[in-house]
């Protein structure tokens, strides 16, 4: 079932690996078929070297395995919360890429310091609150999803397709699994650029570098997204 | 038409990708045929994986498409301003390479801290002023070109073949599309080296590292450029 | 003899190279056959380009060569101390990977700032004391092993499979040579992430970033290790 | 003539490229035949992609071209000063590798913070004084060689096979062209590690990290070099 979706989700996972965002068996990408409400997701702890579409696990939105011989990603419940809460999204990706994870570990939201950021993310990328002891010891991955939703409050998921989970790492999403992966790639770039920009600014005696203006942010985001976009081919 | 120029511009775009300066569909290179006043430029948002010379779009200096089925790069107008204002140049390149972009995001001109820099750039690489709200909401890419020209005031374009666009990223140029790409490559190297040199200098208690002397700068630039150059083969 | 172990140890050494953790002839991995008490280890100073299983040297726990034409790794005695003192381990790896070595050179234990760290290491990764002049001029590699054992005091070797040797670099271990190499790979990632996280935290005026909570640490470590683990396939 | 030396020098130049220490046409390696007093050196500004042994230029110790159709490296005179002054050396390499160059640009000698450094360099790697205006405008490359010799005063060239040229970049050497390249590779690694170690030490409130002890330095250097060395195969 869902052969096409499983093939795309498998390929999106492999793209995560090829892009250098994950090593070993880290990271996971899923995609949803909105008609059936079924999600295809990477199996847990499986080698990228011989990953195949038929290994992708199909689960429903409550997390029950509908098809597949392998155990789904241990982050499954986080993905499912996002699909339930963010209506327009079609794919979710999670990595431990170095710079994005370092911002998450520092428990800092990622300010928008330039147009590279603004091209994909319409403002500062939020960071979650820390989970309480009770949440950590309960349904941990489900609580992680809720913390993302809470951090995203008031934001349009397709305009801000990423959140940093405090002390953990980034989750990204998009209209498709491929777009979710692209957002992980861009996030890692802008996380590194922002670090360097802050370092360079401190030489000038600025403790904080100022984010770009609302106008420049909107200009770049809307150059690529929405009805008046003019980047790319139609 | 302009088959040779389109082939060289296509190859120069691919070199940008191979050099690690761009990811996804980012970046763009163009080249001009000064006789006809026509410019060949990368199409907007097209994959590098299967980029071919016949996809390059030919435009005139006012930006009208003269040949090509695809939409030209969204940064087209910036390129055209540079060709109109900088007479001696034959190619323009634009990237979001990490370190050069980080300097642009910090809105800092890049000081000349060593001979690697001096070999290609005769002094501090300028940064543009920020665009006004009105300029952002008008012909944005055209205004970006004007801001570069303004930042370059008093400088010889072939002696200073780069400018950092504030909050955005680098534009470079040169006598040919290949030289424009080479200058993007060197700029990224010296942007990283300068960051590290500043970090190392702060350990000594220096807040600012001093640029190299005018004499060393000229020695290295003129060893490679101009009538008395003795680097390379004739 | 021990053909299978030698093949695995050779492959584990090559994985160290492929992962970018070692250059030139640096680094070494060994594995033990607990039944016979024999250890297979990389020969000293041999090129990775043409490394073959039959070059691995077999030594006993006192360091006597039992099989092999080449001289064993100069770090042999350090490995042997670890096999004698840490009963459950099956493999040892040593690298000079850049970020882990930089922490060792700064003589700093590596705090646990996130779940990437917690997935493999149950707490702060210890650093050894510096060796005394007498120890340096005695059986140096043996003393290095003792310093690791001392730094690990009170810790369970399979819960903390790494120690930073002050002014030198990391040693890691695990139930197998492959696991020892995996721990070297993860250590290098978290050493870089921790550096960046500390840099980002200083912008907020925090001199020290706080490690993650005991609860989050245990949650992640036990998600992957022990009888209640649910990461990966059974 | 000197076919074997030219082949080795060509291969050593290509190794510089493969190791990521040089880009474009940067860098140069030479080797000397002590019997004839002739030096084979990379030609100036030639592409690495199709470099061949027969392109290497043979010069005598006064810099006269003895064989070869191409112009020798513009840094030729620097190499020749080193061959004349440092009797035991057989090869010289020069790069603009990022971290070593950044130390040179910061005009800082590179302290020995760990055993990776001590394995190849017996102490702090010196940095030259800046050249005077007169020296810059005279025989620049020859003066650069003299500045290296002056910075090396009191040191044994084969125990300290590197010097950082202030505002420029590193020169390394060794008993052979291959050893000179190896020293460039190690220098770049330890230059990056030292930067990171200093960053990590400042978190502890140390402005300067202390170099390792004389005893540890000698232990590691002599483990690999000299009559009592026991690293590698005989």
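First chain written, first letter: the chains are A, B, C and D, and each begins at residue 1.
As a working rule, contacts are C-beta pairs under 8 Å (C-beta built on N, C-alpha and C of every residue); 3 or more make two chains touch, one makes a residue touch a chain.
What you are looking at is a predicted structure, and each value in this text was computed from that prediction instead of being measured.
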| query | Any chains in contact with both subunit A and subunit C? | reply | none
| task | State the chain with the largest centre-to-centre distance from subunit C, centres being mean CA positions. | result | B
| Fraction-based call for subunit B against subunit A, same above half, different below | different
| query | How many angstrom lie between the CA centroids of subunit B and subunit D, rounded to a whole number? | reply | 32
| request: Compute the distance, rounded to whole Å, between the mean C-alpha positions of subunit B and subunit C. | output: 45
| note | Residues of subunit A that touch at least two other chains are 198-199
| With chains as vertices joined when they touch, what's the shape: line, ring, star, complete or other? | ring
| query | Hey, which chains are touching each other here? | reply | A-B, A-C, B-D, C-D
| message | So in the complex, the part of subunit C that touches subunit A is made up of which residues? | response | 19, 113-116, 182, 185-186, 189, 192-194, 196-201, 203-205, 209, 212-213, 215-216, 219, 223, 230-234
| said: For the complex, give me every residue of subunit B touching subunit A. | reply: 23-25, 43-46, 70-71, 74, 96, 98-99, 101-106, 108, 130-131, 133, 136-137, 140, 167-169, 195, 198-199, 202, 207-208
